[in-house]
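Shared chain: subunit A. Partners: subunit B in the first complex, subunit C in the second.
Moving on, here comes the complex of A and B:
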């Protein structure tokens, strides 16, 4: 047994009785089973194929407080101005070290049909209502989140409701007395023919050494339309583990974006299951790594039935001694005919000490399909570079312009204007700057 | 799926055409694997002590290893203790001096396969080193090759006659501890081919080996070692067929290529071992380790393979691009039909500066065939200006077939340019319709489309093989339609 899992077992035993929903047998049993699963699976190691390129030893062998002791967090008097990430919407829920903070949040102006409930409140309810929460997982970190999660947000959109304004969930790692492992949770449930846009943002206050284990579930029912933007930007000493699970029903469509600007170790898994005919998923992503950073994206699109489509576009930029990993898988199940699936992974390697590992996979068990993937690793186009230089643009600026242009097309497809502008600004800053820590990430 | 024309059924029901069995008295060792068996093999072959020591060391390592499970293939566990590790045609002691002395049954076997030795000699100008089960019984054109100093002989002969070369290069590309099956091969290999091309020599003809697995329950463990000294060039052909039988046979060969400065090795394979019947019964397990080492500057190693046989194919002909400006190439057509499973691909490890590699892989899956491409492109930190282009395309025929792609790309140098693309689709109805409405029969249309699909690989094959490969593919795919 390694260090962190021992601590977690101890903490779980100690706090299980006081976690939200502890009084409700369904929830309590669910947590216990999830923890048993986590213990059975164990913390990932490099020996596992899915973790071949990401060594989480620094996380696995550290001390973290995962449960309880929220008083010290509450004493952290943060104002909106102190937040390490901008508020991009008038509907925002802020979580400090995983716990909902009502002072910093504003969810009062949501229209009829759109409800945001905190997970802590939600789990106090009884009966079948909690069902959306009760999905078990077969991988370590989601299982751990299910067992330990204390708060988070459930967004429910009623059938036929089209809500065009984005809802933002902001998860903040604060400076706490001991390093914390925060469980962040987001559940998006879009009923038939509804439409909703969610911004899921993860950031940390300067000086924080906390880690995040985030779990997001998106369920798009028949004809629903969900846009999900996930942004992660942490301190150099914060680790981040994120898991996104998407289920798309008949004629529904989900766009899920992941923008990762890293912390220390960042690992984000995005899984989409296309379970009804006409379902579509778009998965786009951008990551930028620099000194001391490691960002690993694992995506998986599973075409479970015929006549479903997916398109995926991920870009990565590795500079300094950073390491970027992309592993994308398209799986077409037997008898899932008439599939179109596209995947692209393009990477820019800017330094000899940086590393890119990419693995685009196809696993196809049906024949009437059109599936393609492409992957590239390279550097800036010499001709374009020369062109800019010949117009009197200095080397550094020319590099920045080209690097920005490489990354910006993913950001350009973001339809939420304030988010797009923030992203463009951060990409601009990152492509200009040598170091990472001195950048004002708030833009 | 729309209903399929009769041709498909014909194709599916087609029997393995090279399936027959030659009854020759075998000089075999009892099944099982232990140091005693290795000593028996070594003694039987009159090997020097160092060779035996090397085998025993490999055996030692092997006992500590576990069978790998990561490949995308499924098969019942192999009982390695149920295999006989040595079988040789009887007439070992008095080796034939000319063709007339060769066991007529052996000759008959090859004639049935349509490769009469005389014709091979005359028409193709190819020196054939036949491996009939485990002992090489006939080598042709030796004299002609000897004139220019090329050594082309069976592995056992090389151990006796060229120990310095063997000791220097054996295991230097595929170390005994490389993988489970390579270690097993190192311990028990019975024979194979050895080629040495001296400095600044262009091998005057294409070298060729026909492998044939014959005796019941005998796993074949060949060992091939090809050394191209500075400035030399050689093209090597390997082709195989095996008789029909109902028991799975293990084939775990090791092929090592070494290219020194400015040398070039072209290695072509047409593999058509018995794939098992339509229910997946029988067939060869083909677990092969093939690796080339571009050890010298400006060297080049090119692998071309056409894989249509075997129940399970599991091989990754790879290139270690150690020398500056060295080039690695991999061209592959892999066909999996009925219950065949193929997990094949390549590794290109870029270590030297200005190294280049090209990977073209074409997978065809029909019926319940499962075809996986698994490749690695690794650019080491010091490999400046490395370049790789990878293309893997899959063609699916039938709704129970599968095509999978697992490419690994690892880049540690910022001057590298890596491109990978892959696509999977069935034969398009538009293409078929176009050809049909011009009065081309279904069967010919499919052939035409498939041949076009594979053209990039076929054009890399030497003439003789290109013809054989196209024939093989059209036999295998006759009448199939997507």
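Moving on, here comes the complex of A and C:
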């Protein structure tokens, strides 16, 4: 039945002995435990409330190579010009089917206090250094990532270091001999009062049929500031599973964005725990789905202590027979008083066959809280549409302008200029609104 | 130029216009006055091509073309402009960008070369001065956070850039104080060049102090019940509409 699970068990048995850190008992035990958890939890099905809108049978019942066989990956010959996603920073780590590629990367000019280490190297290190990063998860895909992960990036920022240039991690699905299930991994560890910006980008080379199971952990210690931009743009036949876990300590602030342009099936979970007073998280996102695509975002904010704030703004646009899902959960734990939580989910349907399901979920166990949420699914504003057309703008252009405008505020709040410009271009391309920025660009 | 013949329009099953005829020649200014609910705004919207109206009879031609068979943007291309009673706020769409798309849409429709950003901004600069619009408003999202007066002035500004052959002003005076009214009136008067025509739809006479019409028509019960010169507007100001309403129900 669960074809992929069986294959993965076989592959894990076969390769566990040669995975990074296999010689370190703590790492090896960690992997075994993670895999046991994965098997126990099992692949999600529509019967689970959290997965009821997203049918991953095409992933669950297919053949994927998750481990080994990297030598035959043709993509090792890729040059920077062949990459399916732009390099947006001078500090970039490129991963081809999950494995770090030093030729395509440049991490030599990082300042003191900012270190990027590959996960493959990191797992070989001394147990005491590695142990704090060996976190287990209780959902299937993160557990699977922990068991299978071969590479990825760990970004560590020392206390008090403010680094303003973004660091980009680019994960590329390539054209490989057999379809691969790639484990992508990113860990961001920001020490007290440090500041860092990370661009996590996922894309696929034309013709790739690979799938991604990505896991991101962000830990912001006291007073730290982390900006995390996650972008996913895959081929029509690539599936993508992403999980982001954020922990925010007192007076720390994390902005985590998810821009998803989809592949075939895309499911992204963003989880934030506000664990110290004064902690803040901003969770923004934009997804665009078209024919044959499915994008599901599940977000969870947990206010675990009082005097914490969260602000969430997600937008979705569905065209063709595209299907989008947004599920936003806010949990306020007992005694977490004087918290403030805002959530907004606005969605736009551009065709009769498109569908977006949006659901806010509030669980509040404290009594002195400020929570506001709003969810809308609508079509383009008829009045605005007529206004533009009455001025001489044709139907298609008017539609594009309004669609772009709907999405523009999320993109406009991105502070990394080259990323913002890239996003605006992509949104334009996808809404066919050519030249919309020409006027603003005159400076 | 504009020839409306026996126009009949319903919304749902309710007849709003019941056989309206009107001829507007180049350079003329026609005021359409009438009580609330008489069909004034319906007339303005039907000429501009808004959805949601059933044309059950009659015709509207513009320079000989059947206007009713054209899309709103094609009507704009032919030179029709509607100044909205309630200009729409469009978050995320820059005012100047919208105008450039509009002007180029019209130029494309007419088979003219589209303007690049530099050529376009030259026009904008000149018109900004002429209309006296605060150029801070230009790079804001369309009508977002504009005061009532700023919105109406923005309509006049758009009109001055798009240079229509026929401008329909739908209750442009509503919600304006006397200074804003004067400014909007001045803006419109600057655009009177002897060949451009105007249809000024209004409930009150006061706008006509600034935009002096050649003809005044009273719309009541879906028909034009009386036509005259600007003196008719003054008479309405004095006597109200009731005496004409009675007349409308008789015919």
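The rule is simple: the second predicted complex is superposed on the first by the 427 of 443 C-alpha atoms of A that agree within 3 Å, B and C clash if a C-alpha of one lies under 4 Å from a C-alpha of the other, contacts with A are read in each partner's own complex, and residues count from 1 in each chain.
Following the convention adopted for this analysis, a contact is a pair of C-beta atoms (placed from the backbone, for glycine too) under 8 Å apart; a residue touches a chain by one contact, two chains touch by 3 or more.
Note that the coordinates shown come from a computational prediction; the quantities given were computed from them, not determined experimentally.
Partners subunit B and subunit C, brought together by superposition on subunit A, fit side by side with no clash.
By the document's definition of touching, neither partner reaches A:87: not subunit B, not subunit C. After overlaying the two complexes on the shared chain, residue contacts for A:376 are found with subunit B alone; subunit C is out of touch.
Once the two complexes are laid over each other on the shared chain, residue contacts for A:357 go to subunit B alone; subunit C is not touched. Look at A:389: by the touch rule set out above, it reaches subunit C but stays clear of subunit B. Angle at subunit A between subunit B and subunit C, computed from CA centres in the superposed arrangement: 70 degrees, to the nearest 10.
By the touch criterion defined above, A:247 lies against neither subunit B nor subunit C after alignment on the C-alpha atoms of chain A.
When both complexes are overlaid on chain A, the residue A:408 reaches subunit C alone and has no touch with subunit B. Minimum Cα separation between subunit B and subunit C in the superposed model: 13 Å. The residues of subunit A shared by its contacts with subunit B and with subunit C come to none at all. Those residues of subunit A that touch subunit B in the complex are listed here as 49, 334-335, 337, 347, 349-352, 354-379. The part of subunit C that touches subunit A in the complex is made up of residues 48-51, 71-73, 75-77, 81-82, 84, 87-88, 90-94, 96-103, 105-106, 109, 117, 121, 139, 141-142, 158, 162.
Listing the residues of subunit B that touch subunit A in their complex gives 1, 70, 379, 381, 394, 396-426, 482. Per the touch definition, subunit A reaches subunit C in the complex via residues 381-384, 386-395, 397-398, 401-402, 404-409, 436, 438-440, 442.
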